[in-house]
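In the two assemblies presented below, chain A is common to both, partnered first by chain B and then by chain C.
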Partner chain A sequence: MAVMRINVGPIHPSTHGVLRLVVDVDGDTIKNVEPHIGFLHRGVEKLCETRMYMQNPSYFEKLDYISPMSWDEIYVAAVEAAMGIEVKEAAQYARVILLEFQRIANHLLWIGTLCNDIGQLFTMFMWCFRERAQVLKLLEDVSGGRMFYVNMRLGGLNRPLPQDFADRAYALTDYIKEKITQYEEVLDSNEIFLERLRGVGRLSAADAVDFGVSGPVLRASGIEEDVRKSFPYYVYDKINFSIPTKADGDSYARYRVRYEEITESIRIIRQALENMPNTDVVGMPIKLIGPNAKPEPVVVRRELPKGEGLIYMVPDKQRPYRVSIRSPAFINLSVLPKLLEGAKFADIFAVFGSLDIIFGETDR
Partner chain B sequence: MDEETVEGAAYTKEQFMNAEQKMSALVEQSLGEYKKDKSVNAMFARLSDFSKMMSKDLINWGRSNSLWPLQFGLACCAIELMDFGAARIDAERKGYLLFRGTPRQCDVMIVAGWVTKSVVPRIKRLYEQMASPRYVIAFGECATCGGPWWESYNIVKGIDQVLPVDIYVAGCPPRPENLFSALMKLQDKVGGKIAGDTERNLSETTRRAEGEGL
Partner chain C sequence: MKQLEELKGKGFDYLKKITAVDYVEYLEVLYIIFNMSTKKEELVRVKLPAESPSIDSVMHVYSAADWYERELSEMFGIKILGREARRLLLEEWNGVDPPLRKSFVWGKDYKKME
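And now, the complex of A and B:
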């Protein structure tokens, strides 16, 4: 049969943003997929060079608008490394707790939208957003912002934690733990869900390493790699947690890895809450920051919800001279044509949705 | 002021009263004809007269209570748009929210996110595919004025340079509640409760933007 070229996007309900896919199909079988990105490009790295150090976090938060705090933290950590500033011990625990809550919120939204993409319309979406709203409420009360927090300051946070923070965080972890068991009951016994995801978009471990994918996509291919374990930061080395991995490498494995990461995050949060000292967490005020930067470039690696994020920053006196970003979503997207070789047309969004791509980050 | 005439008015009060009497007589007469002729065709004729009289208000009432937004998100604000339709706010309980994937079935375009130069032709195309009357909500700072990306080289400083915008929503991102109030305001505007022309074509700014080849 003749090969037909079909254009998907750039504005499409299931592309989670603005992605254009040019798909060559033979009948219903995909021959080739070519992603076109760049529809959200606005030059973040260049804009960062024109701003003072602590004006930049709000740019970084808009890279990944599903888990903004993790990019906020990685940038502030880079500035801390450039200035040689130590983070207060209580603030280290507080950051770990907040980042893990942010990871939970990210994975909840991901499960909801994945179910929408594969045709399980709105039930899971409503459930996941119900739980995510509770997480966002806690983060809002901690930081002051509902979606964009900008609550990291050099050496700590922007304000003291609320009085009842620990109680509320415990209650919230209990709540989420109870609710996600319901997800498991609904999804893992759902024939349609399993049929749509099992054996679709298989990524072998060797390919995963070759493409340089990271995060849950890598771990679903059977490679146990996590920056929180291999290059521990903050108090992750004092916390007992495991890295969920799956050997299959298909879309269902990626779902299971993310699902189990939610329970691991709950474990981390509870241990951090137990060990957190009851001391000050507030960091430096913004106006004191600036002229002490060392001239050496710094590199900071973090395990973001979507994969391994990295910032390379060359500091200058008042503002960064150069900031370069390694976006996990961009590199995970590069594997899409490989995953879709020989798949059916309807699998595009079952595979694409399982990669957890965000276009603020890929296009920057 | 004279008792009989209103200053500056085109008709005297007497003329106005006479006209009103004539009108009511005509209505009486037509109703009488309807009472005599009870065929179905006549009934439809009456109905069409009635709908002609009521059409503007009736259609606006219908339009304002069935605003279907386009399922279309660009960036961060689209996440709040999802939250808007999700469990906490649950916008569908107000009856005017059914996010559709195709522009041909939609009345409202909610531009949620920053608008880059490369995405402008796509947005314009979607807007042109929507059936008239169509309404645009600029949701968030970026769609309103460019927001934090004002100095960027690839950003259109507000969707109102390209499309005629009906409602602006401030915030970065606005809370879902803000979108709720914006849609209620749009309902008022469409239903004629607040000032605003409902039949709109491409504005002057759009034509200018087209001239510049945006």
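And now, the complex of A and C:
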């Protein structure tokens, strides 16, 4: 049969944003996929060069609008590294707790949308949103923003934690732990869910390293790599947690890795809450930063919910001279043609959905 | 690029990022590579002239270089030798100045230049 070229997107409910795929199919089998991105390009890296240091965090939050606090934190951490600012001890614990809650919120939304993509419409989606809303409520009470927090300040957070923060965080981890057990019961015994994901979009360990994927996608291919272990930041080296890995490398393995990461995040949050000193967490007020900036470039790495984020920043006096962003979603998306070689047309979104791509971040 | 091939032989099998900085007098291309087994990171810096810069492709060393090189070529105007680097993010854009170079002028109407 002749090869037919089909255009998917750029506006499509399953692309979670704006992605155009040009797909060559022979019957129902995919011969080639060509992703086209850039529809959401805002020139964030260029914009950063024109703004003062602390005007930039809100641009970074819009990179990944599902987990804004992670990007807020990585940028502020880059500025801190450039200026040589120490983060207060209590604030280090608070940041770890907030980042892990952000990771849970991200993975919950991802499970919900994955189920939508593979045809289990809206039940899991609404369940996950119910739990995610509780996490967002806590983050809102901490930061003041429901979706975009701009919560990080140099050396700490923007305001003190609420009085009952520890109790509420404990209660929330209990609540999520109970609920995700129900997810497991519903999903992992569901024939359709397993059939759609098992053995689909397989990525071998060698390919995963060669193509530079990171985060849960890399760990689902059996590579044990986590920035929280290999370049520990804040108090992660004092906390006891493990890195979930799966050897299969298929879409189902990516689901299991993310599911187990939620459990690990809960472990991290509880340990951090136990050890958190009851001292001040508030950082410096936003102000102009003078000539005490070091001229050397800094590299800051973080384990974001979607993979490894990295900022290479060349500082200057008032503004960054250059900010370069390694977006985990960008490079995880570049492996999509490889994953879809020889797959069926209907698997496109079962595979694409399992990668957890966000277009604010790929296009920047 | 020989340096990268040698480092890959030493176990630096993971390419994290290719990026560039425009220092006006010259361009600096930066490769951040990582060793998966020893968890060590290495930064490889390459200086390029500001006028008509070009660099060898490293796609045969790391497949991850594909999209990074395409981005490098459209954002910095660096010619990638040994492969066809099609535009990635700015497919429809007509401007002549690469956007992340310091010579790019804010507010200039690039559309009318065509």
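FYI, the second predicted complex is superposed on the first by the 360 of 364 C-alpha atoms of A that agree within 3 Å, B and C clash if a C-alpha of one lies under 4 Å from a C-alpha of the other, contacts with A are read in each partner's own complex, and residues count from 1 in each chain.
The rule is short, and it goes like this: a contact is a pair of C-beta atoms (placed from the backbone, for glycine too) under 8 Å apart; a residue touches a chain by one contact, two chains touch by 3 or more.
Remember, it's a predicted structure, so these values are computed and weren't measured experimentally.
Applying the stated clash criterion after superposition on chain A shows that chain B and chain C can sit side by side. By the touch criterion stated above, A:Ser334 is placed in contact with chain C alone, chain B being left untouched. Of the two partner chains placed around the shared chain by superposition, neither chain B nor chain C is touched by A:Asp72.
In the overlay built on the shared chain, the residue A:Phe125 is in contact with chain B alone; chain C does not reach it. With both structures placed on the common chain, the touch criterion links A:Glu303 to neither chain B nor chain C. In the superposition on chain A, contact of A:Gly38 is made with both chain B and chain C.
Of the two partner chains placed around the shared chain by superposition, chain B and chain C are both touched by A:Thr50.
Once chain A of one complex is fitted onto chain A of the other, the partner contacts of A:Asp250 are absent, as it touches neither chain B nor chain C.
On the chain A superposition, the C-alpha centres give an angle at chain A of 100° between chain B and chain C, rounded to a multiple of 10.
In the superposed model, A:Pro10 makes contact with chain B only, not with chain C. The least CA distance from chain B to chain C in the superposed model is 7 Å. Residues 38, 41, 43, 50 of chain A lie at the contact with chain B in one complex and at the contact with chain C in the other. Those residues of chain B whose C-beta lies close enough to touch chain A in the complex are 71-76, 78-80, 82-83, 86-88, 101, 113-114, 116, 118-119, 122-123, 126, 148-149, 151-155, 172-173, 175. Residue ranges on chain A touching chain C, taken from their complex, read 36-38, 41, 43, 45-46, 50, 207, 209-212, 223, 225, 230-231, 297, 299, 308, 310, 312, 314, 321-322, 324, 326, 330-331, 334, 363-364.
By the touch rule above, chain A contacts chain B in their complex via residues 10-13, 17-18, 38-43, 47, 50, 58-59, 62, 65-66, 109, 112-113, 125-127, 129-130, 133, 146-148, 359-360.
By the touch criterion given at the top, residues 13-17, 19-22, 30, 32, 36, 39, 41, 43, 62-64, 66-68, 88-91, 99-100, 104, 106 of chain C touch chain A in their complex.
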